[in-house]
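These are the structures, in structure tokens.
In the two complexes below, chain A is the common chain; its partner is chain B in one and chain C in the other.
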Partner chain A sequence: MTAITEEMASPQDGGEAGTPPDEGSGRLGPPSWLALGFLLPALLLLGALVVYPIIYTAIRSLFDATGKKMVGLDNYTAIFTDHDSLTAVRNTAIWVVVAPTVVTILGLLFAVLTERIRWSTAFKMVVFMPMAVSFLASGVIFRLVYEQDPSMGVANAVVTSVHDTFDGGSRYPGASVRDGDKSPDVAQAGAVTTRTPVQAGQTALLPLVGVKPENLPKKPTPAKAPQAAAGGISGLVWFDFTKGGGGTLNSPDATEAGLGGMKVQAVSASGKVVGSTTTKDDGSFLIKKLPAGAYTLKLPKDNFTAAYGGVDWLGSTLITPAIIASYLWVWAGFAMVLIAAGLAAIPRDALEAARVDGATEWQVFRRVTIPLLAPVLTVVFVTLLIYALKVFDLVFIIGGGDPNASVLAMRMWTESFGGGNNQGAGSAVAILLFLLVVPAMLFNLRRFRQENR
Partner chain B sequence: MSTDTAAAPAAIDESRSDYSGAPRRSIASRIVSKVGGGVVQVVLILVAVIWLVPTLGLFVASLRSQQDDNSSGWWHVFTAPSQLTFKAYGDLLAKPDFVDSFWNTVLIAVPATLLVVGIASLAAYAFAWLEFPGRDWLFLIVVALLVVPVQVGLIPVAKLYGWIGIFGSIPSVVAFHVAFGLPFAIFLLRNFFAGIPRDLLEAARMDGGKEWTIFIKVIFPLGGPAIASLGIFQFLWVWNDMLVSLVFANTSSQPMTKWLQSQMRQFTGNIDILAPGAFVSLVVPLVVFFAFQRYFVQGVLAGSVK
Partner chain C sequence: MQKGTQMQARGFWATAVTAGLLVATAACGGSDDKTSDSSSSGAGGQELKGVTIEVAAKWTGVEQQNFQKVLSAFEKKTGAKVNYASTGENTDAYLGPRLQAHQPPDVAILPQPGLVAQYAKKNDLKPLSADVTATIDANYTPYWKQLGSVDGKAYGVLVKAAYKSIIWYRTKAFDDAGVQPPADWASFTKAAQTLSDAGSTPFELAAGSGDSWTLTDWFENVYLSQAGPDMYDKLTKHEIKWTDPSVTKALQALVQIWGKSNMIAGGSAGALQQKFDASVTDTFGKNKAAMVYGGDFAAANIGTTSAKVGTDAKVFAFPKAGTTTPAVLGGDTAVAMKDSKGAMALIKYLASPEAGTVWAKGGGYISPSKNVKPDAYPDALTKQLVSQLQAAGDSARYDMSDQTPAAFGGTPGQGEWEDLRALVKNPGDIKGAQAKLESDAAKAFK
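Coming up: the complex of A and B.
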């Protein structure tokens, strides 16, 4: 026995790796009934809780909700006619096409790029970590990311700050003209224009109300009627409101603040914008070099539009892409680690030979690395495909039961347990899912038989 | 959590390459690769940040007061530092149903893991080293079952459980997890066991060892690494599961995932429960991940590439 135990301690270096016994070579093998003893627990569980249910579900899918009346394939046709089911079918199709492809590409990209940095271990840990986290926790994490309010959700916080950097955002959301026909300006489709045309060389007054306190200048410059300028139109945009009352309506008072940074356009009679400027801090402006004639002054709409509120991530159009993005976050590490292991297994000689022959890095990658990686890429892709097909938790948590986000796995649950109460329909969806994984099953079987030939 | 980083690199870092060792580079190409290297660094730093921020956000949110969370995003903590507090965790752990759900998770995940490892090792040993008629066919069926979606099992098994009268109990959840975990487990272990040197078994059999003794004394110890990988995988899978417990568990046997799901209805209003709750639920998997990273990665590799 001691000899055995010694050998046992180091199986890797002792002798050649064995192969499973082939037919007729088990001279010392135990009787075959003994095998049954070893297999029995597994076979019982698999039989009762996996194999039998597949058959039961297949039969159940041909019956109606009560389980008493046979309805043939009606449950299946319902999947492709019912509106909510169709959405689920469509979304599953999107999932299956987009998710595995993007994750595999990302994984490949990360795996190749990490070979060029020193901190690749740390990077891999960071990207791989979400694999250990439950989909529920990932779902909660991404619900937080996708919160609509830009001050709450980090995705919209980033989007709005990028948007505002390029677009400036509007200075005076909600500001408008005073109602009534006394005021010299009128609201027109979101913009503000002068009520009557202004001749070049005249001045124009554009009083506004409804400016939010937080949008007022910190150090208000008292509003003052501007001087007329020859060959141009000068004017004033100001907040025609005196705190606590007082002041003259529609004319600037020292107690009222000029509104700086307001875009002003001069529009000719034919509707063409012939000049534009932005008001100074005191609210005054001057549009120079205007040919003689009458112009309408216009404060364009974008002065007043509400602040950009970010993207409606979980609205009906973006919800599936948004959930797929969270799936990327979870699975990219998986793809990366597998592909990196595949990369490490590529013989360096092949790469070196190509380089010596004068191939560029890109050619080496495209013509040598990718073909050699193909088997690994296929395995990663198929695995991800299966998981994309079965995705449930992320959709349930992030989508919160929104039918616009629904997928087949989700639909199966809703139909049979989550209120639908129709196990016939639920069974049909389950069988459809099962049929969809059959190609992957055959792929596995073929691969297994090839490897064991 | 960070104490294990010394051991970690070997596990995840199997792919160091020697791109830089290419012979005879022109100065131009060196400059290009330097600049390219800088771009790669920046891109990967950006990616790492994107991967870290969501989890960090959840953690910070769980440490802020409910008022803060309801009025502003977690990153305001950097510009307007406010009191970070573990109060939400205290409140959460004072909820008996949450604490129960934590222990339920343990009571589901641990037996489900041990049972899968035990039952699958037995079966895998039979598939790898015992002779019996129909062995290859039976194993092909196991390989085929690898990808069966749990959805096909839910309705019939729920019926079956109702009939036996164990629906809603912890054992019912465990049994379902074990059954659906078995194909992968048997597949993984059988491949590993088949690689054990034949001489070892022959010698043990020659010495008159009973199959059971050989299994316990030879196979089980040698299968250590594969069993560890499988155990970690199965443990995480069960710990993180939500669908199975949604169907089979009731309010007294529910794990954390189901309990948290029931709190999702009011997402924004319940963030003071959801953020710490989700974090508690992911601490155990993260500890397992960092502590046994080597085996975890091996499990991933064995499960797909093999």
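Coming up: the complex of A and C.
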């Protein structure tokens, strides 16, 4: 669309330049037929490449998929009734509201702040750099940034390492009891308990399965059934799986590994924790000094909580904000450079006069800088708005076709080429998009013209 | 050759140069080499001299090189010149505008039979000549001929198949857990549970929105196995509804795997973002899972890891979930878009066991033709797959989602892809998934 904006702007500018400033004086320029002659190739090209496609798209949008049957406005009503199209409309609305606003604010912040630092050019260059990367490449970059696996996605790597700093994670994530009712222990709300209460002075067996190989020590200590101890409960927690299969279920075999470092609690009949300990490397434990009675042994939940997997960036709720964030990364530099140029053009005396009058820095910024910058801010905002309306590449690459990320431009493509195979419906979306972009375009055109006067 | 030069520039140059040289020598030698052609009208090997044929297909890289070997064999045989045009991933987006401009390629190789029907209805395809249909009758079972036909007229022939009824597994994980490759669904889920007990995650599932075709393949294998080929054909044509109890049964079986977070690497959140390529490389390169679904073509992905196909990575037949042994194929159909002499001759050649044998030698290829013998294939794995496929005989079926309208079965983010993906996200809601599948199918089949 910018191409169109520029192209539409240029013949008009040319036309104005060609008009003699004063009708009374003799013509200095070439006669108008000659001017028209020179303009003709450009006009023909414009007609063929811009005007004709627009008109044809409008007509095509009134026909069905085959292009033979007129369906009136059905394609348009479908946009607002079909679930996937509605999602696209909703997402485009979010884009239009959020993206230009945040980018403009961010650009303004950068511009104002860099004005005061020494290495501002270097800083500006770094912020502007993403503009030099193609959208497709930016999309690929952010697709990787948002990768779910923390070992690949930077975003989740940061989130998980911050999370793990405060909450170390567990020793045996994913481990649990064997399915079925024959094992002496049962899973209970994430924790593992003995199936039947254990008397003090007895031993307890707590077999576990599903221990990830990476969580076992390099040289596992073989599990060994413990001796009963008077006045306490001894027991064994071990990985009840013989490598290669086989082995006796629910009893420790010589090749099976004990699970060290496991927290064990003895819970009395009233539900109170009366003793706790941690297993040794061979998986054995002893909870001493227990009064006679029956206890349930419990391996608390925090032994098994799965490692924190990070944020589901590309899940159905966060995907649009995540893509908008990548848009920020690309466009913040553009906004910053334009606004910085505007900032440089602000008359210094206005700022100084305000400071002399005792205004605080914030007041100067709020009451002087911003009003003086308003024209630039508007141009930046409107330009970004146009880009946000027609955003496609980032959504296509990062979203990978996820309907939760879809926007109008994406929908236009899906409907007509990407599988929908209905150019009629696609054209209707295109026209809708066009109608949304036109006011913004006209606004920008008017501004440009006013500035040129 | 144009394409070949571009390829070299792209960086596969070492291999491409060799292939290019091969093609070049073949082209030069063409005029001296009078191969006798029994089926032609006796004009010898040069009856198409001076004819230029354009063929469009989506293959790139090694697949393209292998195909070009077949093309150069054809050039040598007939004297015609064949130009290869790459359609890119979206065949319809490439062919649509060319058809509208009345400038289609002579022969196009379509990745979905759904496209055959779509183009045939618009009269964009030329019916195959009697000569070609005779070749098809001689080499294919009737189902495959019917697949390329619309309203009783044959338009296309499946020239390259992808075998989709296999599960890849990591032998080390199976050995560690003491598990044998399972043959039926019950032992399949039991094996998965044992693997999980042993501490390795049983499956990688590629359910990212751009890759959820793997989910449709899972479904097709289970459904074909449980409901049988006749019901499969009915559901393909939407003659029975997706709310049918047979579909419920298949989805229930699938949810036994898809719905358990300990069965899938990364849980359902991880699976919902997973891409197919990564699901294979994560399984064999990073040992994240023990099994992964993928057609024969997954071998190419495994090749990028340090795992070796045949020793570290093996396949077993997709387990029987019912009475039929599932054999689901995908593949590419050659159609004629122009009524030229060369177009028919090329299709006829591609349908012949002769072309299949040349093609098979390059690897990464399975012929749907019953007359390309397992011995023609270079490796043991493909031989295993081909004998599996040929054993399935008449009950082998073409990928269902590829036969339905693209809006339902072939588009990322909508239709069957997204509905099955929603089931992975929310495995408890089989009824809701079926209702959504039915409403999407009804819309697409309208």
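As a convention for this text, the second predicted complex is superposed on the first by the 295 of 453 C-alpha atoms of A that agree within 3 Å, B and C clash if a C-alpha of one lies under 4 Å from a C-alpha of the other, contacts with A are read in each partner's own complex, and residues count from 1 in each chain.
Throughout what follows, a residue touches a chain if its C-beta (ideal position, glycine included) is under 8 Å from a C-beta of that chain, and two chains touch if they have at least 3 such contacts.
All figures in this text were calculated on a predicted structure; none of them were measured in a lab.
When chain A is checked against chain B and against chain C, the one touching more of its residues turns out to be B.
Applying the stated contact rule after C-alpha superposition, one finds that A:W329 touches chain B and leaves chain C untouched. With both structures placed on the common chain, the touch criterion links A:P213 to chain C but leaves chain B unconnected.
Look at A:A111: by the touch rule set out above, it reaches chain B but stays clear of chain C.
When the shared chain is aligned, no partner comes close enough to touch A:I370: not chain B, not chain C. Judged by the touch definition given at the top, the superposed model places A:A137 against chain B, while chain C stays out of reach. Legend: residue contacts after superposition of the two complexes on their common chain; A:A440 is shown touching chain B, with no touch to chain C. When the two structures are aligned on the shared chain, A:V273 is found in touch with neither chain B nor chain C. In the overlay built on the shared chain, the residue A:T383 is in contact with chain B alone; chain C does not reach it.
Contacts of A:L36 after superposition on the shared chain: chain B is touched, whereas chain C is not.
The residues of chain A shared by its contacts with chain B and with chain C are 147, 400, 417. Residues of chain A touching chain C in their complex: 66, 84, 147-149, 174, 176, 178-179, 209-213, 216, 239, 241-246, 309, 312, 314-315, 399-403, 406, 414, 417-422. Looking at the complex, you find that chain B touches chain A at residues 8-9, 12-19, 22-23, 37, 40-41, 43-44, 47-48, 51-55, 57-58, 61, 71-76, 119-120, 122-123, 125-133, 135, 138, 140, 142-157, 159-160, 175-176, 178-180, 182-183, 186, 194-207, 211, 215, 218, 221-222, 236, 239-243, 246-247, 257, 260-261, 264, 267-268, 271, 274-275, 278-279, 281-282, 285-286, 288-289, 293, 296-297, 300-301, 304-306. Only residues 90, 92-93, 96, 118, 122, 175-179, 193-194, 196-200, 208-210, 262, 266-267, 269-270, 272-275, 405-407, 410-414, 418 of chain C touch chain A when the two sit together in their complex. Listing the residues of chain A that touch chain B in their complex gives 1, 3-4, 7-8, 11, 14-21, 23, 26, 28-30, 32-36, 38-39, 41-43, 45-46, 48-54, 56-57, 60, 110-111, 113-117, 120-137, 140-145, 147, 151-154, 157, 329, 332, 334, 337-338, 340-344, 348, 352, 355-356, 376, 379-380, 383, 386, 389-390, 392-393, 396-397, 400, 409, 412-413, 416-417, 423, 426-427, 429-431, 433-434, 437, 440-441, 444-445, 448-449, 451.
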